[in-house]
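Two complexes follow with chain A in common, the first pairing it with chain B and the second with chain C.
On to the complex of A and B.
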């Protein structure tokens, strides 16, 4: 029966491929949502990843940069500087706010850099101009430059401050939080935060364990939180990704239901067009189980092909959507694709339910009808 | 021809139902995606409109209620209330904080209010707050299982949940409401800021006008007399909020909705091809009877239109159910499928992909052989 099922499926190639394509597109939709959130989460931590100090120090009770605010006294930075394990401490000010550029508002990360930071916390890759802003200046992400046609020498607005663009950074854009770099004094002025920093980037001397240094800072400097770089990035990435968990789950249900209906429609069409053949099979004594198995096999074939097409699209096409739409970064996770693959199995069985029911009810006497 | 198309659908009700369900599911996907996008913009607008003011004053250069940091000098309130036409200016402060419970973190907008701007729809507990009371949005309560009477710790300071409100979320972030007494206690007793001046003590002023005052004139008067502020009508500020949402979500949601339309096109193509193949013999017979090629295409087109007419209400109903589940279980996001723009776009999009889909099997119909009519079935 399986051979018959396969032959009848491929005898209608157009129908088979277009059904699989429909199923694939439903799965793509599910993978898309995960890829969007994963890509966005990756971009949200892009600044942290490239800054890469040994330890991040922040206000007690804070363990993120994304959607957080942190303030610590400047003398705490001095205390950390004096530790023998510490090579360098680079303070930054940080604000989550709206920047206006090219007539558009951008919900952004704004990082205030001290002039004596020797470029430690600036954007590493600069496409044009320079990375270190002086007072009244700003470094903007390349994607915003492209989207708003703003370049070096143009102006952007942060609250009532007009800032001149002196540099264009690469890889610092995310839809939710593009990173703008300004002078420390400008952000200090906006925040009225004299004598405080937001985060400290602590570089350890060679051979010092980051976890032990973080523990030492926590023990010796009161009311601060210190996290090794990897833990801090992981915490922010998880936080950003978590914001999309419910949406991804609901879209998985919607996409899977759609896929099950498409599989059901195709299997039903197959069964109805082969009613007579199936009637003969019943009449010659082929067990119901085998016939039902053939229907499920067809369902599995369509779903399997659809899933493979979706997976290929996810791995080969999605990563390049960024070139067409620079503001969107899609990151495909093999684990998520695997999860969709697991979901595809019940989808195939669900899709076979109605055709299976019809096959069970099929009258073998049909074969003797004209 | 229309009757023929209708009869064709009635011939196999199970097939018709399955087909309508498949198309309906596509319509559902498009409606839910578009409704999700519009829901985010709606939330951003409501976050402003729910503050119930005639005018809203923010820090000069700030044009958004949420997402942007606004900090006004303390004396601004007095200056604003001195302007002719202003009845009262209610203070409000917005603080972005992180709430943690049992290993879960959730960003929250802490909205501090005095006499105006508090929660609009309290669904559990009491609306009146004092001291360390906090009213939280249902999305926080649902997600982290927080109930009225529970402790709610922010930066080591313990609030007491006195109520749960609904619809107080925007930009993927829920709101929680406290009074100025609560804010001062939070600042003094917690670790939230070592230097209190780093946090804005006053973010906005919700301005009520005297009866008969000209809103635009008062708005201009405040801006002229108090340079530290920009003043907006709630409608203008709500529009700014929605525009910010469009900048953030527009490209990705547009892409996803387009994926939905592509799926729709594929499904209609699949269905119309299957229909054409299913009726190939019938088309051959009709050709033998002298029906023109155009008439046959029209017959198939009418069948697709009929299927759409059945599928659209199914899709709309399924989307309504899904949106209701979405809005109840994850109130942080709102899906608004009844927005005219959502319904209009979906209707036009569906009609377009149906037209294109109906034209796909043209070649198949053209090749239907009239001789088939004279062969045995």
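On to the complex of A and C.
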């Protein structure tokens, strides 16, 4: 039966491959949205990941950076600096705001850097210019530069400030929050935050446990929250996921539904085009369950092939999409592709439901119709 | 339900009606038939006479409105839907006018197709298929796909497929309908020889008068009923009302008047005759 089901399936090659391509498209859609979302979530925490202090200190009640605001008095930073376990404290100011460049508005992370931060908290990878901005200057992400065709020496606008581009950073772009670096004094001026910081990047001395240091900071400095780096990144990533999870869930459902419809339509087309053959099979005594099994097998074959094509596309083609569309960062993981593979199995069964029903109802007497 | 099986096929008061009320069509109407083992029965009749409906019901492909069909001791008419595939596979072989081979499978695979879910080893089934292919001259074409076969070859494959499970009954619907005279003759002889040798019973539905040569018994089905067939092929009479020439075998409107039977082409003529017979004599 399986041989017949397979031979019957591939006997119409154009129909077979176009069906598999259709199913693959639906799975690619699911994988693409997932990869975009994961890429975006990764980029949202890119600055945190590359800054990598031992401990992040912020206002009590705050546990992440994404879409947050935090204020810490400067004397609290001094208290932390005096701790024996602390190597260095680098304060930053932080603001979610709109940067206007090349005629476009970008909702962005603005990070204000103190001049004596000695390169701590700046973008680690600089494509052009320098990473440390002075007053009136800005370091922009490379993707913004490419998309708006600006470079070192050009100007961008942050609220009422015109800032000169002195550096182009790499890896600091996400669609939700590209990261711009400005001088501390410029952001202080915008925020009127005199005497406060947003976050403190605390580097521990060698051998000091980050978790213990964070606990000590929270015990000894009032109304602050201190999180080891990994915990802070995890918290920020979770927040980013939470804000996008509904969208990605809807897209996954839409993609899976589309895939199920395509598989169903394909199986339906197969059944309709093979009604005569199925009628013959029934007439010569093949049980309905065996014929239905053949229909499910065909559905599984098409879905499986579609999934494999989609997986190949995900691993071989998706990584290059960033080259063509620099604003999109795609993260394709085998685990996620595997999950889509698991979804493919029920999709194949769902896709075979209506054709299966048609097989059940198929009149074997139609074999007498010439 | 398993019944006594003195005869291979026992059909009693078989009926099949389509529609109801004014639109009711009696495709098969109270037909009875007994087929002995090894007998070749020919069912002839005009188009729309119910031949194919009759064959479909015996083959368990169509549920009758009434009556019983016992094939090799099993009542096909009352068999459960889940039992019918096994009955069809083991008791009945089908040969169709349109051959109905599976395009995706080669000759050998087509022949083996009904056997795949039946008891027995794959080796035995393959040997049986090879025997049939040799007997029917299909060995050189065993790996060929149906679309490259001639009509006669296709029908030989269909006959081999019908015989693969060694069913006691073969049902053939216009087996020569799509064949030229030479191929048709060849297929008929094969059907005759191979079924007689193995003791299969065959019911053939056809318009083809050549088939009469191999039949043990010929039945004439018309308007859903078996009718007597006279020794002559046609008996032409004249409708006394309109003067139309009518074949008395197939006519179904009669009136006896003064000891003589008159045949009519339509109810209109019959009614006119009944009102004033003398006017037309």
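We adopt the following convention: the second predicted complex is superposed on the first by the 370 of 370 C-alpha atoms of A that agree within 3 Å, B and C clash if a C-alpha of one lies under 4 Å from a C-alpha of the other, contacts with A are read in each partner's own complex, and residues count from 1 in each chain.
As a working rule, a contact is a pair of C-beta atoms (placed from the backbone, for glycine too) under 8 Å apart; a residue touches a chain by one contact, two chains touch by 3 or more.
Source: prediction; values computed, not measured.
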Greater residue coverage of chain A in the superposed arrangement, chain B or chain C: B
Answer with first, second, both or neither: which of chain B and chain C does A:327 touch in the superposed model? first
Which holds for A:280: it touches chain B only (first), chain C only (second), both, or neither? second
Regarding the shared-chain residue A:231, is it in contact with chain B (first), chain C (second), both, or neither? neither
Looking at the overlay, does A:49 come into contact with chain B only (first), chain C only (second), both, or neither? neither
Quick one: classify A:354 as touching chain B (first), chain C (second), both or neither. first
Residue overlap on chain A between the chain B interface and the chain C interface 370
Contact footprint of chain B on chain A as seen in their complex: 12, 14-15, 18-19, 21-22, 25-26, 28-29, 32-33, 36, 59-64, 66-69, 71-73, 95-98, 100, 104-107, 157-161, 175-176, 190-196, 223, 239, 242-243, 246-247, 250, 254-255, 257-258, 261-262, 264-266, 268-269, 272-273, 321, 325, 327-328, 354, 358, 370
Enumerate the contact residues on chain A facing chain C in the complex. 1, 3-4, 7-8, 10-11, 276-277, 280-288, 290, 363-365, 367-368, 370
Within their complex, chain B touches chain A through residues 12, 14-15, 18-19, 21-22, 25-26, 28-29, 32, 36, 59-64, 67-71, 95-98, 104-105, 107, 155-156, 171-173, 190-195, 197-198, 240, 243-244, 247-249, 251-252, 255-256, 259-260, 262-263, 266-267, 269-271, 273-274, 277-278, 322, 325-326, 329-330, 332-333, 377
What residues of chain C sit close enough to touch chain A in their complex? 52, 55-56, 59, 61-62, 82, 85-90, 92, 94, 96-98, 100-105, 109, 113-114, 116-118, 161, 165, 173-174, 177-178
